[in-house]
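Chain IDs A, B, C, D and E follow the sequence of writing; residue 1 opens each chain.
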Amino acid sequence: MTLNLFYFLSFVAVLSALMVVFSKNPVYSVLYLVITFFAIGGHYILMKAEFLFIVHLIVYAGAIMVLFLYVIMLLNLNKETEPHKSNILKFAATICAGLLLMVFVGSMKGAETLTNARANNETMIGNVKNLGMVLFTDYLLPFEIASILLLTAMVGVVMLAKSEKK
Amino acid sequence: MNALLIVCGLGFISLLSEIFNLKKGLHVVVVLGLIGAALTFVGDLNVTTRYFSNMLIFDRFSVVFSSLIITVAAAWFCIARSYFVGDTHQTDRTALVAFTVVGGIMMVSFHNMAILFLGIEILSIALYVLAGSNKESFFSNEAAFKYFIMGSFATGFLLMGIALVYGSTGSFDIAVISNHVASNRAALPGFFYVGLFLLLIGISFKISVVPFHFWAPDVYAGSPTLITAFMSTVVKIAAVGAFYKIFAQCFLSVQASVSGTIMVIIILTLLVANITAVYQSNVKRMLAYSSVAQVGYILLGLISDSAMFEGPLFYYLASYAATSLIAFAILERVESTKGTSTLDAFAGLYSKNPFAAFCMSIALLSLAGIPPFAGFFAKYSVLSIAIGANHLEMVVIAIITSLIGVYYYFKPVMAMFTPNASVEVVFNTGEKFIIGLLTLLVILMGLLPDKLISILG
Amino acid sequence: MMTIFLIFWPLVIALGIFAFKPANAKLVAFVSALVELAVCLFMFVGFDSRNATAWNYQIPWVPSLGINFSVGMDGISFLLVLLTTGLMPFIILSSFKTPNQKPADFYALMLLMQMALVGVFTALDGFLFYVFWEMALIPIYFICLIWGDENRAPVTFKFFVYTLAGSLFMLMALLYLYYQTPGAHTFDIQALYKAGRALSSAQQGVIFWGLFLAFAIKMPVFPFHTWQPDTYTVAPMEGTMLLSGIMLKMGFYGLIRWLLPVVPLGVHEWALTAVVLSVIGIVYASIIAINQKDFKRLIAYASIAHVGLISAGVLTSSKIGLQGALIQMLSHGILAFALFYICEIISTRASTRTISSLGGIRVGAPILTTVFVVVILGTVALPFTSGFVGEFLLLNALFQYNYILGALGGLTIILGAVYMLHAFQYMMLGKHSPQASRVSDLTRHEKIVLYPIVILIFMIGIYPDPLLQISEVAVADLLEGFSNFSAKVK
Amino acid sequence: MIPIEYYLWLGAVLFSIGVLGVLYRRNAIIIFMCIELMLNAVNLIMVAFSNYLNDAGGQVFVFFIMAVAAAEVAVGLAILVMTYRNTKSTDINILNRLKW
Amino acid sequence: MVDIKVLISCIPLFPLLGFLVIGLNVHKLSHKTSSYVACGSVLISFFLSIIVFAELLGLPPDQRSLNVTILRWISTMGFSSNIAFLVDPLSSVMLLVITGVGFLIHVYSIGYMHDDAGFSRFFSYLNLFIFFMLLLVLGSNYLLMFVGWEGVGLCSYLLIGFWFKNHDYNKAANKAFIMNRIGDLGLLLGVILIFINFGSIDYEMVFASASSVNVTTLTWITVLLFIGAMGKSAQIPLYTWLPDAMAGPTPVSALIHAATMVTAGVYMVARNNILYSLSPVALQLVLVVGLCTALFAATIALMQNDIKKVLAYSTVSQLGLMFVALGLGAYASGIFHMATHAFFKALLFLGAGSVIHALQGEQDIRRMGGLKKYLPVTYMTFFIAVLAISGIPPFAGFFSKDEILAHAFAQNPLVWGIALLASLLTVFYMFRLFFLTFFGNARAGEGIMHHIHESPKSMAVPLIVLAILSFIGGFMNVPGALGGSTWLADYLSPAFHSDFAGEHHLDHTTEYMLMASVVGLTVIVIAVAYLNFVKKKKVPLEDGQLRGAASMVYHKYYVDEIYDRTVVRPLHWFARIADDVIEKLALDRLINSVGQLITGSSNVLRKVQNGSIGFYIFVMVLSIIVILTLTTVAEL
């Protein structure tokens, strides 16, 4: 059952990911990307990372993608204005990505031999309580630092996007 | 750690000063604050302190590198006054730079991949913005744009690397990873190496080695000159420091399997960067290629004997930072006076501004590695270590390319000393003072390298 | 401590010169050069060749890398220091009348140059030697770049890169030797000697070439000489004087101090090749000199020819050859200075240096001509002039080394006469040409510069004994180990 | 239980599609999205490892990645908007005045 | 009494002082002062030489060798040469000849140069020359001799080009210096070879151990030394400079290019007689070269029309004869002839100078003639000189030439035959010259003839003195056959360590036969000349009218042209090739092409940085793929 679910979600994720790339209209791409995110979120649930699933949806589908849509609308890009690359370049791009995939896949066997694998025990590492413990003990510093990151981004965005009054 | 907090604090202060309209003294405060932050390290040189369950470790390396970053940043602030004071976004810019410094410090003192990652990102994101901070300039826009797309693309690979390394070692902690790798070398899965390489590639992008250097010349050339100076000094130190920590501390035991690839990268970097720089007529762009090339020498020392290179690495970066600051400071003045940063802008500088020409020449000579300036000793230590490790063919390449380096470093020199009626470039006293100080430093470092070079390792 | 003074006194003045009015810079420089010379002469009086270590001085410089600030003077070094300090006041004095926009900068660079040169000749630490070696390049580059003639930028740059390239090979060789020193590596000269001699023949051969390249380019030996004529031609007079008078002696000094004793086997194996190159250089440059139209360029080629003989003599690794080389270096320094000065006097007054457009200068300038004759006689090594002593000893050594090479090298005395007399004839003799009629006789200032030179030319030619005595012990000591070693090889 | 390789493969495929998109398209917005896709692929792998190794660290790390992704997108889009003001285009090929 | 050693060191010192005094004040001294200083200094030297000579005579023959060391000169690492003088019979004779003839010519010059602008300069050069010449003969080691050797070459250069405004003269001066230098190189290498083999270059040390060195080496040494002599003494093939050297003022030709300097080669070979005697090959070489030169130069002299050129070739020829003597081992005869030749050839030149002076610079004998009555003193003295050179008894030339011929006959009649031929030719051209100059019609222009006058006293007196010397000089060494004592040969014998120095093994009858035949032939030749040039009043043809062999002889067998084509032009051609092709096109371009290569590749490489993000990323991804593929393949 889980395996079938995995296959299904994977299928959706890959398909809509491809559609992100190949859709001509940016708005469609955004929507396909949202679908991909949902599919990935599904995987999180499969892996019992419920909290992450929630955060994932809120951040990605809720915030990031909305931002994308907002910019597309703002800049009025919801048309097929993009001049396309030549076919040779597209072909080369595809070959390239394919090669990269092959390298990845080729190297990704042997994971089952991991020496420190502690799979199959039933502690719920993905639940809120557990994650909260880890986040606010071991990873407290990165968590705090992340705020600086966001502050930086905020300051930066304000600075850049603000239109100057001449 | 205190320094980190102080620098963060400086960021906040500068943001707050916008609100409370305290912009006037801000620049001075920041400089003093940075100096203060550097001073907090004074007692810590021989103490190793761990913070937040090993997230950060301030050992000798981190302390030295952090203070270097902070000091260089302070010096940079001094010469970059014109970038801040009087600008509408003074506070924003100040805060962004301060946060960049925070990211830099994290990059040289991290003990956990999460800190490394966040450090890199804080630094990068702030830099994306700073590169584009001259909003009306098309070039500045393009620089920010290119930097952003390529940077975030590279981040993807970096993260993939971290993920794969995490997967094969089970931890983000440097010590744990290091121990695990050392004790289970035979049992490491194939994707560990993929992860390792992607991790290194991710940082290689930041330190801009060929073939991951493409962004550097364009971004350096497009950004406001002072930001370019910042990128080639503070940012470079942080990135190289991070590379060193990853390469020499975290993955010490698998260096052998990486060094072959890095060797090829070094050769490419030395050749491509140096040769391409020859044709540049824009000094700013030339310095960008030069900055790429310098990394090639650093890496050569690094792969030859990373333990022994620790001290020379610091020396190299310090001397490079000092010389770059001189060069960029003068470049910035020349550019803003003449409206261009091509070689022509430098023509006849000597007749009107002998002091500037003198300092610029020393900076360029130092970059070219001519004794007795600091750059020479830096390069010398690289060659020395490489010969000690019997990388003779690499040394030959390094020597040939550094000769090519002389070729382009001397172009501005020749231009400056060619008689040519030209406009006088105005330097205010502060700038003169700091440039003179840096020049003196470059000479003194070259003459008395011992203390600096043996501060580490 | 005296050595330290000799090295750093010019530096102090070079920095201090900016405190004076620019107009006074030349005086300051001149006085400081005189002071340095006085100190040097004082040392000359007290020189005890058997106790030359008295002037050694050593402090750690970069202890972590085994680098010391170690200087000292034996007879060989002392002679070259004497040359440097002796020639410097003359060069400075000769520049007094040249209009100069930035005199302070100019003289500061000259003094820096002096410091580096004295440093090169006294360094007893491989690294220190290298640093001084390169440091000498910077001031001269700027002197040529700022005060040179038309088209100087590319030419001086070529000079810079060429010599730099050579010296980088030297750096590699020195570093290689450094890593051969036992224990904590060191650049101490004695340790390097030991390390070098312990190497296998093939390794020594490689080191030989690494070092030789650097020195050969500096001297310059055929076929590494192509930078030289151009550079001499575009450089300002003072630059050319520094270059040919003192700086190229660095190459010989390098050969003597840093090549022969370091890799005796390498020398044994490769000296013949190097000597052959040098001898080719002698003949080749002499022949090219015949074809020169520009007098300054002619002197440049003549310099290559002379240099070839000196380097051939040094490379024979014989005591007589070394002695001859040393005395010839002094002589060549003086003669080159005088030749370039005279060339400058003529070319500024006639506004041309082209031999064929001059002629008949002797009519209006008999004293100049007489001085010129004396200098030329020295250049063609007429006995009782300074040129002869060295040339004879060098030919002696070269002929002992190999009869054929000796005979070929000897051609220099014929060909030298050919080009020098030819140039002299068409510049000074014959009918008065319009350009030459602008050439008036020597001024008082010029006489003050040139008369001592003339006296020196004869003094060294007639009574070279004190100078030969100075270096005798040092040369013998230097070659002691070498000859032992080659005896073992044979 | 799903084998870890499956997730790795899926992650690799998504990552490669992201790379493909970056290479394939000229529209900066799409490229940004593809980079997001790449980050998500990494997230997926991270979580899979975390689950497999039974270590919460991986999942915490994903939070940080998300934070970074959000920050990056914000900055990226700001840069895009700024550039768009000057060029009226989101085509990456328009921006090649800095070269050689 | 002053120590004799001090006197010896003063001999060269005075001319040197004279040179310095005049040379440093060349524009301040009056003509009178400089001439007094110059002549005085040489005169003092001459007196000193006489004193030294007398001192030497007072010593027993085997102790006639005085050594004076003045200064350590070049002395290092086993090599040692001092500035030290050696006075022995050989050098003492040379001293007398040099200072004596030198003084006379100095005096002569006062008159000859009296209105020349470079009067003082001239005398300073002359004094310098005397100094170097004295150094040459006094030097007690090879290197000091070399100093003198080069020094006289320098003075020769300065004096040939004395009138420096004329480039032809300057070229002649250059030629003289350079050809001498070719010889000097040989000499220098010979000296070095001596040092290598003997470990010393002191005459005494070398001669003492001469026999311990093998013959091949000695041959090399002596041949190299002889090359030096070829240059200095104008022997084939290095003789061509001497005729050109006539460009200098005539006293110079007399002093340097006839009496003293050119005989330095003879002196040198004589000085090294031990070495030469030990090397038959070298002696043979000396003989052959001398013989060829004697004959060759004599034939050229037959057709020359310039009065000084004739004398110059005559000098070359006579020098050849001296080398014949040396080559035969008859060193004393060589020196003897050298001494007598100094007298009569100096006289000839001075006489010629007097003629030229009288004719206001005219040197072509076709423009002379009939001067007998205008220039009686010159005529008489010239006649004596001609008789002397022709070997008419009892003039000086007879004795010296006869000795050489006797030695030749004793050893090889062929040599005798050729030497005889050469001397008969000498007789012919000398009388040709004499007759054309002083007899017949006056062919000079009206204007010249109008101003013609006998030379002043200062010129006439030296002529007379030299004429006396040419007359009596031969009695220094009257051969035994004529009841003489061969005094000179005996005196010189300590210097010649060879077995047969000064003696030959002919009985007196043969000697009388030889003398008679030679004198007879000489008289016949004189008669022929008289017939041709006095009776028939033949005058040589103008330039360009000569055909065939005569033209070839007139053009000196085109030797100068051959040298020009084979040596000078190829040298210049090679210089151009080396400069323009090897230097600029090959070496320099090679170096520059490195720079161009870098710039070129930079221009190519920078195109890679094409500004397109897509391309950058593409390359990045490709590199990542390559790196990963290679490394993972390596790891798996």
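The rule is simple: a residue touches a chain if its C-beta (ideal position, glycine included) is under 8 Å from a C-beta of that chain, and two chains touch if they have at least 3 such contacts.
If you're wondering where the values come from, they're calculated on a predicted model, not measured in any experiment.
Participant: Based on which chains touch which, give the shortest step count from chain B to chain E.
Facilitator: The least step count works out to 1.
Participant: Would you pick out the chains that touch chain C and also touch chain E?
Facilitator: Output, common partners of chain C and chain E: B.
Participant: Which chains, taken as a pair, are joined by the highest number of C-beta contacts?
Facilitator: Chain pair with the maximum contact count: A-D.
Participant: Quick one: which chain's Cα centre is the longest way from chain C's?
Facilitator: That would be chain A.
Participant: Which chain lies the greatest distance away from chain D when centres are computed from Cα atoms alone?
Facilitator: Chain E.
Participant: Taking each chain's centre as the mean of its CA atoms, how far is chain D from chain E in angstrom?
Facilitator: 97
Participant: Where the centres are mean C-alpha positions, what is the separation of chain B from chain D, in Å?
Facilitator: The answer is 26 Å.
Participant: Round to the nearest whole Å and give the separation of the Cα centres of chain B and chain C.
Facilitator: 42
Participant: Averaged over CA atoms, how far is the centre of chain C from the centre of chain D? Could you give it in whole Å?
Facilitator: Here chain C and chain D have centroids separated by 65 Å.
Participant: Which chain D residues reach two or more other chains?
Facilitator: As it turns out, chain D has residues touching two or more other chains at 8, 15, 18-19, 22-23, 26, 32, 48, 52-53, 55, 57, 60, 64, 68, 71-72, 75, 78-80, 82, 92-93, 95-100.
Participant: Mind pulling the chain E residues that touch 2 or more other chains?
Facilitator: 595, 606, 609, 611, 613-614, 617-618, 621, 624, 628, 632, 636
Participant: For chain A, jot down the residues that touch at least 2 other chains.
Facilitator: 85, 92-93, 96-97, 100, 103-104, 106-109, 111, 114, 116, 138-139, 142, 146, 149, 152-153, 156-157, 160
Participant: Could you list each pair of chains that touch, in label order?
Facilitator: Between chains, contact exists in these pairs: A-B, A-D, A-E, B-C, B-D, B-E, C-E, D-E.
Participant: Provide the residue numbers of chain B that touch chain D in the complex, in ascending order.
Facilitator: 113-114, 117-118, 121, 125, 128-129, 132, 135-136, 138-139, 141-146, 148-149, 152-153, 155-156, 159-160, 162-164, 166-167, 170-172, 191, 217-219, 221-222, 279
Participant: Which chain B residues qualify as touching chain A in the complex?
Facilitator: Its residues touching chain A are 8, 11, 15, 51-53, 55-56, 88-89, 92-93, 95-96, 99, 102, 106, 112, 114-115, 118-119, 121-122, 125-126, 128-129, 132-133, 135-136, 144, 167-170, 180, 184, 187, 189-191, 193-194.
Participant: For chain A, which residues count as touching chain D in their complex?
Facilitator: It comes out as residues 2-3, 6, 10, 13-14, 17-18, 20-21, 26, 29-30, 33, 36-37, 40, 43-44, 46-49, 51-52, 55-56, 59-60, 63-64, 67-68, 71-72, 74-75, 77, 82-85, 90, 92-94, 96-98, 100-101, 104-105, 108-109, 111-112, 114, 116-121, 123, 125-126, 130-131, 133-135, 138-139, 142-143, 146, 149-150, 152-154, 156-157, 160-161, 163.
Participant: Can you list the chain E residues touching chain C in their complex?
Facilitator: Its residues touching chain C are 26-27, 71-79, 83, 143, 146-147, 150-151, 154, 157, 161, 164-167, 170-171, 173-174, 177-178, 181-182, 184-185, 188-189, 192-193, 195-196, 571-572, 574-576, 578-580, 582-583, 587-588, 591-592, 595.
Participant: Okay, in this complex, where on chain C does chain E touch?
Facilitator: It comes out as residues 158, 162, 223, 226-227, 284, 287-292, 319-320, 323, 360, 362-363, 366, 377, 382-384, 389, 392-393, 395-396, 399-400, 406-407, 410-411, 413-414, 417-418, 421-422, 425, 428-431, 462-465, 468-469, 472, 475-476.
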